[in-house]
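Shown next, in structure tokens, is the structure this report addresses.
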Amino acid sequence: MNKSNSADSRRAKAQLTVLRVIVYVILIFLAALCLFSFYMLFVNASRTNAQIQTGFSALPRGHLIENLKNAWTDASINIPKGMLNSFFIAATTAVLTTYFSALTAYGIHAYDFKLKNAAFTFIMAIMVIPTQVSASGFIQLCYKFGLQNKFWVLILPGVAAPVVFFYMKQYMESVLPMEVIEAARVDGCGEFRTFNTIVLPMLKPAMAVQLIFSFVQSWNNYFLPSLLLTKAEKKTVPIMIAQLRSADYSKFDMGKVYMFILLAILPVLIVYIILSKSIIKGVTAGSVKG
Amino acid sequence: MKKKGVSYAKWGYIFILPFFLAYLVFAFVPQVMTIYNSFFMNYREGLTQVGPKFIGFQNYVALFTPDANGTIDILKYAGNTMVLWLLGAVPQILIALLLAIFFTSYRLNIKGQQFFKTVIYMPNLIMASAFSMLFFTLFSNVGPVNQFIQAMGWSDVPIDFFARTVTVRGLISLMNFLMWFGNTTILLMAGIMGIDQSLFEAANIDGANSVQTFFKVTLPLLTPILVYTVITAMIGGLQMFDVPQVLTNGAGTPDRTSTTLVMFLNNYLGGSKNYGMAGAISVIIFIITGILSLIVYRSLTKKD
Amino acid sequence: MKKFVSLLLALVMVLALVACGGGSTTTEQPANTPSTSTDTPSTSTDTPAPAASTDTGAASGEGKVFNIYAWNEEFKGFFEKYYTVPDGVTVNWVIVPNTDGAYQKALDEALINQADAADDDKVDMFLAEADYIVKYTNSEATQDVKALGVTDFSQMYPYTVSTASDANGVVKGVSFQCCPAALIYRRSIAKDVLGTDDPDQVQAQLDSWEKYDAVAAQAKAKGYYMTASEAADFRVFSNNCTMPWVDANNKLQFSPEITAWMEQQENFAKNGYTVLSDVWKEDCTNQMFKDGKTMCFFGPAWYFNFCMTNAMDPDKGCYGDWAICEGPQSYFWGGTWLLAATGSDNPATLADVMKAFTVNEDICTKLVKEDAQFVNNKKVNEAIASDPNYGNDFLGGQNDTKFFCEHADNIKFENHTIYDQLCNEKLQEYYREYLKGSVDKDAAMQNFYKAIGENYPTIVLPQ
């Protein structure tokens, strides 16, 4: 009895070790694949325009600082200003999108009202409409009303984000029992307070995920901003990168472009690392027992 | 679930109000115009506006009229889109699910989690255009991949990756996979993280092994998030645009076998701002996605 | 509840701002925040502006803001360096990168809304390239520059004037830089194939397409490629078209020059005379290295001065092993035109800027000497071309300015339509698939027609 038990546990241990090895191999392979593209980006950011034109290179060259300096001092763009603009738009969009999506999802998840199903179906339907065409229509309206160079035109539409809403709704379905809400009501909590102080903390991992995603999406957004933000002091990072790429031949420098692409990733990476920590911390263990 | 009836219903309306207001102000008009335009002749010839003139279903008829060789273009591009989506999305969701389980497993207790989680998400931060420039350099006729193939003696002449249907589609799928699998992993991980830990503990005490725990505890509770993942991956897939667009320079080479529905739509918007035809294509994409989403939603949520 | 009410109020306010901001911003000074516009939408009249400048502006009847649309900063640099803006006028640059066609999209929307725009928001002048210039010159959005006072075209190259003219010959703008182009050849390969690297003697052996094709066969026999891209010489054909892309009935047609290119490249691909590659991709540009096997490239000064960087590579390049000749036909590639927007509230400034960068010899001379431009002023270019000490080291000491002065007059650019850019690009793209053997010729042409039909519904396509 005792013997077979220890044999069992030994076998289980061996199994676990094999499993671990397989898992690490898969992880390292995928990580290498992902890092490789970054490494290439880095290599190209360390080469001159002429060196980049020669094609692939496995090893970095020594022009990293030079490219950084050239990009930083380029007359057509103001990198700190662009980063600030991008950060402002992306951060506000991310917060608005995430908060209001959770609010909407909660409204539909937690309450019974006549139009509940109709509202849900409607949001699901508009989620399916291709964005390309409505984006062009949006641009035309903006020009008609003279709304160029206004950040809020890019930020406020984020309040209605069907995809984020859908995620929040699904997340609530798997983690948010009605009992919690009802318990709060018994305690005499107002509806908004229940949402802000009890529901939101339980959604922390989901909120973090959607904050990251909407931040990244907004940060990399080129199409709408490029047509709406035409003033130098209003431009965002992707527009500035595009501007470097459409420079005339005497100033065209892919080294600068790659350098700026690399630079533009850093702030997003920091935001990601900070936020992704709360995906782990947000575990709801214990809060829902009974 | 018991409700106290009257008092709470209004809160539902109040909570969803901001969403609908923002939608009405910013998205409603262009979206309704999209459907409306699909029944009109409405485009620009240079800077001159032609139409809008009501033409009924003519745009739709034009889309479904076969060409000289009997091909109905939009069906071809719908097929391309499905193939490209399946090639990228199936491995993406499976691997993401696997990774999410690895990362959240206490038994495996993966070291360096933060590192791996950061690294696999990083490709999503690179702009699609920069990413495809890198791919182009790698796989060009004089690029390192071809140099390697020739050095190994696998082929005497360089393999033209951008002139064959199989390789172009393969590269597009690979890029889509790399750009999005980290993203999906994080979504699923957050879903697993949200599951009440006491359930896992209970399963453990009851002597369930990890496979059983996964199928009996994790998967059922993760279903809503999985439904979300599959449906949004499908919507994203059917609207696939930037990667094939930049990789093939908008041509969908070879023989338009990597032209997706939205690239097709974009052709109509690019030169002449043809809101009539673009609207009709949008409506068709809308219908296809809607039906597929409904099927997926129904079949995945019915199980429990 | 209180929280909710305050939130709702905030929301209503935001929406109100959205709505009001929308109505009034067209007449607003840009710096204004939406919050001030809620109560009095007509505050634009009391724009704080220095009294003095307002006066001068009013006196000359000119608007206060001169808006210039461009896709990069090249012209802005020259403008700020050499042009003195009249008192009371502020120049506002609207620079939209041309990635994904954003420049034309933004410009089109601005021009279409031009009539409704406030004077200070109206487009006054915009920049355009030859590839799509017809879209603007053949429309009401541009105006006759002769009426504005730009009347002296004697020193401009004729092709730059015809390019900026509409179908009736009304001139809508001027070019401030010319890009006459040439056949660029590797001296060492020419010596091997033709027995000489002297530009005049090489030219004598390449001065017609028949001779050119024959040389391609000779080059192949010696193990060389004639070109590194099937599209390398496309512009030489397409810029010399004798028929427009569409006929009077809007039917797509192939000018004999285009057909000639297609036949030539079919032959080149079959015999291995060329590398099948996009002009900008490594397959092509790697041929510029010392170990490259390609004899001819095609392009203007900016091409060999800035884009042939592989040839200038200190380790793998072949600096100085190049020269230029006219080749089978004269042509140009690139250049920037300044167009006059209809409805400009600064007509005098507009004309003055155009004259400054074409007629003003002082500025033109500086553009050549300090900025290495080939300007649109024959007299200035010729003065510099005659400098006996000048030679381009990349071209083994050849005087390229002199060369271009001699040939720029021969350039023609006629029979252009608003469809040119698309037709030229799509034909190259889809025809390459055929040349590479991915599809048969019929399929390639069908794909080409489809691309045209999707972009321009009015064009009647061959069946």
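Lettered A, B and C in written order, each chain numbered from 1.
Keep in mind that, in the parts below, a contact is a pair of C-beta atoms (placed from the backbone, for glycine too) under 8 Å apart; a residue touches a chain by one contact, two chains touch by 3 or more.
Everything quoted here is computed from the prediction, not taken from an experiment.
Q: Looking at C-alpha means, what's the farthest chain from subunit B?
A: When every chain centre is compared against subunit B, the largest gap points to C.
Q: Ranked by contacting C-beta pairs, which pair of chains comes out on top?
A: Top-ranked chain pair by contacting C-beta pairs: A-B.
Q: Express in whole angstrom the distance between the two chain centres, defined as the mean CA positions of subunit B and subunit C.
A: 36
Q: With chain centres defined as C-alpha means, what is the inter-centre distance between subunit A and subunit B in Å?
A: Here the centre of subunit B sits 16 Å away from the centre of subunit A.
Q: If a residue has to touch 2 or more other chains to count, which residues of subunit A qualify?
A: Each of 55, 156, 191, 222 in subunit A touches at least two other chains.
Q: Which subunit B residues reach two or more other chains?
A: 14, 18, 21, 25, 137, 140, 142-143
Q: Which subunit C residues sit where two or more other chains touch them?
A: 4, 18, 99, 112, 282, 286
Q: If we count contacts the way the header does, which residues on subunit C are in touch with subunit B in the complex?
A: Listed in rising order, the residues of subunit C that touch subunit B are 4, 8, 11, 15, 18-19, 99, 101, 108, 111-112, 134-136, 138-141, 277-278, 281-283, 286, 418, 422, 426, 429-430, 433, 436-439, 443, 446-447, 450-451, 454-458, 463.
Q: Touching residues of subunit A toward subunit C in the complex: what are they?
A: Per the stated touch rule, the residues are 49-51, 53-55, 75-76, 139-140, 143-147, 149-150, 152, 156, 190-193, 222-223, 226-227, 230-232, 239, 242-243, 245-252.
Q: List the residues on subunit B that touch subunit A in their complex, please.
A: 1, 3, 8-16, 18-23, 25-27, 29-31, 33-34, 95, 98-99, 102, 107-108, 110, 114-127, 130-131, 134, 137-138, 140, 142-144, 178, 181-183, 186-187, 189-191, 193-198, 221-225, 227-228, 231-232, 235, 239, 241, 262, 265-266, 269, 273, 275, 278-279, 282, 285-286, 289-290, 293
Q: Going by the contact rule at the top, pick out the subunit C residues touching subunit A in the complex.
A: By the definition above, subunit C touches subunit A via 1, 3-4, 7, 14, 18, 21-23, 25-26, 28, 30, 34, 71-74, 77, 93-100, 102-103, 105-106, 109-110, 112-113, 116-117, 121, 282, 285-286, 289, 302-303, 305-307, 309-310, 312-313, 316, 372.
Q: Quick check on the complex: what are the subunit A residues that touch subunit B?
A: Residue list for subunit A touching subunit B: 16, 19-20, 23-24, 26-27, 30-31, 33-35, 37-38, 40-41, 44, 55-56, 58, 100-101, 103-104, 106-108, 110-116, 119, 123-138, 141, 156-160, 163, 165-167, 170-171, 173-175, 178, 191, 195, 202, 205-206, 208-209, 212-213, 216, 220, 222, 238, 241, 258, 261, 265, 268-269, 272-273, 276-277, 279-280, 282-286, 288-289.
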